[in-house]
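Some structures are shown below for you to check.
Each of the two complexes below includes chain A, the first together with chain B, the second together with chain C.
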Partner chain A sequence: MTNIVAKFRDEAKLVSALTMLKNNKVNLVDVYGPYATHDILKKVTRESRMPYASVLYGIFAIVFIFGFMYYTSVIDYPLSYGGKPIFSFPPMVIVIFLFTILLTTILTVLTFHARANIFPGKPLKNPDPAITDDTFALVIGQNYNPEEIKEWLKESGADEITEKEIQ
Partner chain B sequence: MIASSIRWPMVKGEKSNKEITRELIAPNEQKPAMWWYIGMTIGTLALAFGGWAAYMSVTVGLGTWGLTNSVAWGWDIINFVWWIGIGHAGTAFTIFFLVFRQRWAASINRTAEAMTVFAVMCAALFPLLHMGRPWLAFFIMPYPNTRLLWVNFNSPLFWDVIAISTYLLMSITLWYFGMIPDLATMRDRAKNKVSRALYGFFSMGWDGSMISYNRYETLTRILGGLAAPLVVSVHTIVAIDFAVSILPGWHATILPPYFFVGAIFSGFAMVLTIMILIRKAFKVKDFITAKHLDAIANVLKYGSLVIGLAYAIEVFIAWYSGVSYEMYTFLNARMTGSFSTAFWIMVFFNAIVPQIFWFRKARQNVWSLFIVSILINIGMWYERFIILVSSLAEDFLPSSWTEYTPTMVDIGIYVGTFGIFICGMLLFIRYIPIIAVNEVKAYKKEGN
Partner chain C sequence: METTYTPKKNMNLLFAAMILVGIIALVAGFVSDAQRTWANILLNNYFFITLAIGGLLFYSIQFITNSGWSAIIQRVPQSLGAFLPVGAILMLLLYFGLPSVYEWAQPGITETDKLIAHKAPFLNVPFFMIRILIYFALFIGIGYLLRKYALLQDKSDDLKYFNKSRYFSQVFIFVAAIFFSFASKDWIMTIDSHWYSTLFGFRNMVLSMYYGVAAIVLITLYLRSQGYFREVNDAHFHDLARYLFRFSIVWGYLWFMQFIIIWYANIPELTVYYEPRFLGSWQPLFYGEMFINFVIPFLVMMSDDLGKKPKVLLYISLLLMVGLWMNIYMQIMPGIFDTMKFGFVEAGLWIGYAGLFLGVVFLALGKASLVPKHHPFMEESLHHHI
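And then the complex of A and B:
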């Protein structure tokens, strides 16, 4: 399927085009650009649920590390250090704190890789190399009124409108 | 955020996105200047000296160091604490940027993070070599082993290993993920196949999709949030290494906050030194403006006040405690005795000299900023020297008192870490954009 690709160099014009397309319920695929702003993101996508995943990872990490330390210090090798209690919670707090940050970071980063589908060596699929420089590309999906959409985009100040297949 | 006339501009001049890309990536696309080669030569020579010292430490043993039965922690731990302190600023800047939304930090955080990564690497080398047999360093990690032993979770030294490993990993993660969009820019501008392949590999197929950006921004905010308590905890735990002992001068509850403030203070001073050099060498004064330097100087000014207060409180509590050993360490050994020169250098450089930044002219003069930032780093080195050596060399028993002098091997390892730092930073500025290009583009319209 070919997509309509509209290129903008002015962020303000892109935002106004996005507003218009959204108001007319046009089927958007994605917007590509050199940077993201809050205005663009809230029009193109919804809020990520990654923070909820991180909280769950954090809870898992706390339970896992506490269980690990309890097993090693109390069950597997209960060694008395200078007569101190075998199970002593206060010194565990620091290790739990640090390992929770470590595990949560690792799991959150892995989640990002899985969800955003980016990994070292992934082949490039962006519509234009200028996207990482100064160009925004608005990619439009299948709609019943492509000609009308092109007209709207032209009115919004698109610098270039082409048709291209974007996977 | 709305740009306001009372806020200072983040980027000087009305620059288009294309101009920003060109100006910030130009240093990476040109052949390096002569100063870069001179710097690399100096760094490599320092590294060679350090390599010899490390070789001596490993093959001959720790007897080549200036340590004695009394002063069992010498230059190695002084320099470890010093480098770790410097390593705090990079992540602090990222937290300023991501968590406190201080957008001005966008021009600084990339280089500050690089500084953090190399400083923490340098720091980690000292305890590693201090183990005597660094190839057995993995014994400290809790893993099932044939000795059927687990590590001592009650030991602050174990906490230290975990804190520093976690901090190094977090710093590298924040640094690397922050540069992915810029690596993609480098990939798309690369003129030869090798560069394109390398930048392409490390940019992980980044295509500038807003759906990916949304997840990316969420990820960096989460990492920033996780890094914030970590930064506070790392130097706190380093301080606990000392505070849990019973030595006079170490056994104090003020040490954790005092170490943390000292770390941020010395880290910001090092960032200021590096930023002044980079600003001059790469002609990026439109991006790292005088106002950026002014903002760092303001942090140093207040940091210096807190540090000065901590010094005063330490002395006051030693006197107020009525403990003769504490009083001796602070009022005799440190202030008037064998270590008085180092003590007063520390007080003068850290608590008094930075007060010059109350004057706007001093904050706007690059030379005064540069000199004060260097003096702070010297002062902070003396602070670690004073804390470590004065307490160990003159403790409870006068019969065990000793003098401490570093050997050439001690000095060699310290110089070698400068080699790692200099070479690392020079390779970073050669191949990676020194300023976060995508972030500067995003926030250029905003003021601060």
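And then the complex of A and C:
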């Protein structure tokens, strides 16, 4: 399957092209760019549910590490040190704080990789090496009117339009 | 774009009524319990000086970070700083009540208390007053320069004055970081004159930004409801909400850091500060301020969508004003009194001070254009969106 790849130097032109393609319900595969842009993210992606996953991981981490510390220091091996009560919450706060950040970060990264299907050793999908430099690229999938789409892209100011096969 | 602020007719009347309530509370306080009144004067002085310093710090940070989004509301934080001269006078008036608030200022204490005698070269009344003068000379001086160059920039196309503002912003950040920390230690920490914390000054200096942003939000929302600042959109409020969110974390962090170290070390010299607060009769406020200043803002602001809503910001900022009062109350009162006292003196004095503060701030807002002219980042601020 061949894709249409349109390269843009200007971010604003890409955004206008995106708006037009979206209005015409064109089957869009992906947008590549050297940096993340809010305008493009809003237009291309659905609203991310990753924050909700993070909150759930955070709650899980808090409950887990609190339970772990409670089990070790109160139930299994109660040891009085420094004259403090056996169950004392203040020192737990720091561990809960740090562990929550650590576990939430790790689980969120893993979730992101699983969801976006990225893993070490995955073959490169870049349509063009220039997207790591100063170029944005629009990749468009199978459509019933490829010639018309090319015309639209040219109108909205694409610098280069090619056809290329991208897995 | 509405660029001049014209106060509503009954605004000044309202402020005057608030000040009147304050004066009545002041008189009633001096008749019934002079010590309690002096403590409350210190509390309210510090409350509103904190907001003024916080406003100027916010203003300075916008310059040194080259922030464009805030250009439109810049006059609000700057006007908060207009309270500083009034605050200086009120702080100097505390001279007459020093012995009721500060243990070390009581005559003859150096003969019976060896620790205070040891600290006497620093903690004595003349030097204390001189230090107040130095702090305010620096704050007011640089605040005046910032104001002057901002107004000159209004009249000129040249970026010379903007660059000067930026330069003095850098100076102000250093001055506030060093001298407001010292001021906090001087005015608040020495109430518990046997106790010390090396984190105290930094903690209070940083917190002034937190509550300063809350005050900026409140004044901006008020002006917006009156038809000014039509260009202030969700994105601006979102940025302010982010400030509040970040600072709620900083607040919780510093509050806990000071506590945990003293709790862990368990050294009598240090635990004397937390004994009445953590275990004594002040315990409800100890947990209460943690919830109001950290837990509630943190949980609410964590959601991106909630933080954008002006109404949510309004309630959080109002809550933070209560939180600031509780915060300072808990720093001052347990060192002076044994039990919690809240009555007409506390409430009335706060209302009086609030009337004075708002009167001064809105006077400053009305004196110059509400929106900076010829500000290089103005275009960016008008079209701010995320």
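The rule is short, and it goes like this: the second predicted complex is superposed on the first by the 158 of 167 C-alpha atoms of A that agree within 3 Å, B and C clash if a C-alpha of one lies under 4 Å from a C-alpha of the other, contacts with A are read in each partner's own complex, and residues count from 1 in each chain.
Quick note on the criterion: a contact is a pair of C-beta atoms (placed from the backbone, for glycine too) under 8 Å apart; a residue touches a chain by one contact, two chains touch by 3 or more.
Keep in mind the model is a prediction, meaning the values are calculated, not measured.
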Chain B versus chain C as contact partner of A:91, first or second or both or neither: both
Partner chain in contact with A:143 - chain B first, chain C second, else both or neither: neither
Which partner, chain B or chain C, touches more chain A residues: B
First, second, both or neither for A:16, with chain B first and chain C second: neither
Partner chain(s) touched by A:104 [first = chain B, second = chain C, both, neither]: first
Which of chain B and chain C A:48 touches, first, second, both or neither: first
Contacts of A:162 with chain B and chain C, given as first, second, both or neither: neither
Intersection of the chain A residues that touch chain B with those that touch chain C: 51, 84, 91, 94
Chain B - residues contacting chain A, complex: 16-18, 21, 142, 148-150, 152-154, 158-159, 162-163, 165-166, 169-170, 173, 177, 180-181, 184-185, 187-189, 200-202, 204-219, 222-223, 226, 229-230, 233, 237, 438-439, 441-442
For the chain A and chain B complex, residues of the former touching the latter: 9, 30-37, 40-41, 44-45, 47-48, 50-51, 54, 68-69, 72-73, 76-77, 79, 81, 84, 88, 91-92, 94-95, 97-99, 101-102, 104-105, 108-109, 112, 115-116, 118-126, 129-134
Partner chain C, residues of chain A touching it in the complex: 38, 51, 55, 82-84, 90-91, 93-94
Complex contacts: residues of chain C adjacent to chain A: 256, 259-260, 263-264, 266, 302, 304, 386
